[in-house]
Amino acid sequence: MPLKLERIKEGQRVIHGAFPRYAEYNCAMKYMAEHGFHNVKFVMPPPLTKRTEEIGARYSPDYVCTPFKTLLGSLIEALEAGADTLVMVHGYCRLGYYGELMEQILRDQGYEFDFINLSEYDTWKKRDWLKVIRRIDPKLNIPKFVQAARETIRMMEHLDEVTSDYYQICGFDATGGEVRRAYRRFLAALYTADSGEDIEGAYKRVKQDFQTIPLNKPDRPLQVGILGEFYTVMDAFSNLHLEQKLADMGVEVHRWMNMTHHLLHYGEVKNLAPKIRDQCEYTMGPTSTANIWYAKACAEHGYDGLIHVKSANCTPEIDIMPVLQNISADYKIPTLYLTYDSQTSDVGLMTRLEAFYDMIETRKRALS
Amino acid sequence: MILMRDRRPEGLTVGIPQGLLYHRYSVLWSAFFKGLGITPVYSGPTSRKVLEEGAGVEVDETCLSAKIYMGHVKALIGRCDYIFVPRVDTFGHFRDMCVRFQALYDQCRNLFRSTGQKFLTYNVDGEFGITEEMAFLELGQSLGFSKGEVKKAYAAAKKEEQRAWREKLKAQEPLLKAGGTKILLSGHSYVLDDPYVGKPITDFLRSIDVTAIRADVVNRELALKKSVELSPTCKWEVSRELLGGIALYRDQVDGIILVSAFPCGPDAMVNELLTRKLKDIPLLNLVLDAQSGAAGVETRLESFVDIIRLKKGAL
Amino acid sequence: MKQAYLGIDVGSISTKGVIIDDDNKILSSAYIWTEGDPIGASKRLLSLLEKQFDKKNYRIVATGTTGSARKLVGTIVGATMVKNEITAHAVGTTTFYPEVRTILEIGGQDSKIILVENGVAVDYAMNTLCAAGTGAFLSSQAKRLGIEVEEIGEYAARSEHPTQIAARCTVFAESDLVHKLQMGHPREDVIAGVCNAVVANYLNNVGKGKKILSPVVFQGGVSKNSGVVAAFEKALGCKVTVDENGHLMGALGAAILARKGKGRRPFDFAVEDTEFHVREAGCGRCPNNCEIICVYSGDKLIDAWGNRCERGAVH
């Protein structure tokens, strides 16, 4: 963006920063990086492809969780695209150790880059995150940063809300593709947004589109709740477009798990944990409470089925499976468990999904 | 946990599954329960049957050690008033347990729901300021004991644990000074100390005259400090003890064997990092699965030792 | 002229076909190996079916396909119903066994379990990990032991002390098996061990967390193996029914689904003589490089699929 670069004084280093591909959230990262800091150019890693997975898997340990492999591949592609500074987040499960091992692997491969590993800054004190921000931009303009952060949060909230709307209606599009095109336009607008107005404008347009495009939706369509591991459940490439596939079969697809709900507005202890006291007494893992609660909530709402999504070797999601199985038995809600690794095939997924659809559809007819 | 504050239990029995953290806390737990007049009931040593029973219950994708643990739990069903399954989240900042230990208690309750078995836990969660002592206090009081009684039992048990630990450390000192081939074994105690999974390894090494040094038998505070040298952001308590043990002992041994139970989450990453970092010392990565037949493991161990001895010119 | 329905089940190992009438009576059936050529196998299958078929009195009005090559073969035969194999098996089995509660199925590469309530499938699971414990595993082990797959049951029945074999992973299992043979275990014991291992693996993976209720029907290629059937009955503690047409259940289900479906299209055995080609084209418009399957009848493109996005759309 030439406008931004002009503001950078001569001789000052421009950071070409990148964060691996994560669902459609990279538009928000780009916005934050380029509007919050005055010296950052965000390098957009190319969309995830089989190649990303392959190069990631080649350098990764065998039984690490699959997102590690995909994210590593995406970091390599970001470096190839010209990034000189990589950012890796921290997290409660193995995610918290991704950064250090990825850096080691990339350095062993001979890449040169600056690495911002947020795990290094995790001290349990929130204010220490400021150190990261200062490291990136020592001359940070704080009001500007705060404004950018606000707009970025709005962007993520809009993105999550619209995505959620999209998968609930796109299976019933009466126009043969208008809903999908409207959603695509919305995404494209977010990736190129340069101001708060751009973000709000894109949001208003798509909301209006969704309200006006004619739908062919039965009163009580098949409803399926999707839950599972934080990365794979949200990233369409990693879950082989699970939600789109279901929607295309004519299913109203629901998913609670997203950035807005789990990171921005999450009140775990206050709101969710007491609702699943019968199922578990303690927090069982980073996303366990939300997922168990959501499975139960879907069952109580009378949804027709649940799909639990996880990558191979995801310990926390493996460990809540006995709880989900009990919910499934207690509420008589069919649950499909999907484990993804880099070898999972589209054909295998289709077989399972078609069978799942047939099952819940037949069941619904038999019960009604 | 069922609360029974008003009733002081008589003749209470608590089942202790001999898997996972049992190998770390056996002295503490036994002494604590005995100190309160509770009879511990043990599940017995791991056997093929324990593993198979556990594999039949536990989710297929969990690690070998978790499957073994569920076999131990199953063996105790109906044999005691409570089965004791601790929940340990974190001991403090960068002192986490593998997330499986957060889930274990609730997992057991869900897996064995239909048996009606009651479970007992203690909950250590450093992020919320809940220390081990507080966890034991809550456990004891929930069973109807007074705060003073529980405190006393815990203090005595802790003393016994520390004494046993000092002895264990002392016993390793002469081994470090021994001549001949010395190999550092790095692995979770629930793998290395498991009579079915890990013990054959130590037995076999002894049979070929190798002195096995344990990386986890180490001054733990020092090891936590030293671990940062090998891996600055490693946050798992046990992995950090092992990292520190490796950092402290590596110059005193001829080779290192990383022993892991398939597919251990932390090991998958930490051992990969170690393999990349420890270039100047012979290293063997041994991953044990239910079916890694003894023959295969022995062949790998023997050839690893042969290479070390050939290098030293003393086969 | 009475109406008839054709069902074809094209799996990775075998290809099955049936023609039924309005009362689900089998008019014609065949079972052959796929040999990696689903189109060729389908043609051979059709000529076998044609030989038994009473063309004077019956006319095929609808066709269903299922199995992993359902789409390809469906295109070629002009299917009115293309269904996944789980649904086909459930429909086939519940038609002949309305009381069934559990369907076990082990095929060449896949294994599945289907739970049924009141004739409706309410839950199912499919193998997630690999081909261990499926038909492919059994035949490779039989080959290693130098016996025919068909003889496995006979050998297993002679065993008094089945050997413990681990079957979670094909590679591990093979080395375990070789090891056990080298240690002098009799062949029949090892074979019985393999049968037990297939069942244990199935129950621990596919059947985990599923309530297996009687009546139980077992089908798929492996159900022809009496050794595995016996192992299932022992493990489940109930009778396991194997239909003599169990291997045809997928094809039967496909035919029944075709009968129940709305689509009607007379089937012509002339497709046996038509040349079909399948070309795989790399899309090449993005690094996904999706393999697009193009099916040609002569020179005419009749269908194509495989692209993940619009970039590769053929039509």
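To keep things simple, chains are lettered A, B and C as they appear, and every chain counts its residues starting from 1.
We take it that contacts are C-beta pairs under 8 Å (C-beta built on N, C-alpha and C of every residue); 3 or more make two chains touch, one makes a residue touch a chain.
Keep in mind it's a predicted model, so treat the numbers as computed, not measured.
Closest to the protein's overall CA centre, chain by chain, comes A. Highest C-beta contact pair count among chain pairs: A-B. Each chain gets a centre from the mean of its Cα atoms; the one farthest from the centre of chain C is B.
Averaged C-alpha coordinates give centres for chain A and chain B that are 35 Å from one another. In this assembly, the C-alpha centroid of chain B lies 44 Å from the C-alpha centroid of chain C.
In chain C, the residues touching two or more other chains are 128, 209.
Multi-chain contact residues, meaning those touching two or more other chains, occur in chain A at positions 321-322, 325, 339.
Within chain B, residues 59, 61 each touch two or more of the remaining chains. If you check the complex, the residues on chain A that touch chain B are 61-65, 68, 92-94, 96-97, 99-101, 104-105, 108, 117, 119-120, 122-124, 279-286, 288, 312-313, 315-316, 318-323, 325-326, 339.
Those residues of chain B that touch chain C in the complex are listed here as 48, 52, 55-56, 59-61, 289-293, 295-296. Residues 46-47, 49-52, 241, 321-322, 325, 328-329, 332, 334-335, 337, 339, 346-347, 350-352, 354-356, 358-359, 362-363, 366 of chain A are the ones touching chain C in the complex. By the touch criterion given at the top, residues 1, 59, 61-62, 87, 89, 93-94, 98-100, 102-107, 109-111, 113, 121, 123, 127, 231-235, 262-263, 265-266, 268-273, 276-277 of chain B touch chain A in their complex.
Every residue of chain C that touches chain A in the complex is listed here, in rising order: 68, 83-87, 90, 118, 120-126, 128, 209, 211, 286-289, 308.
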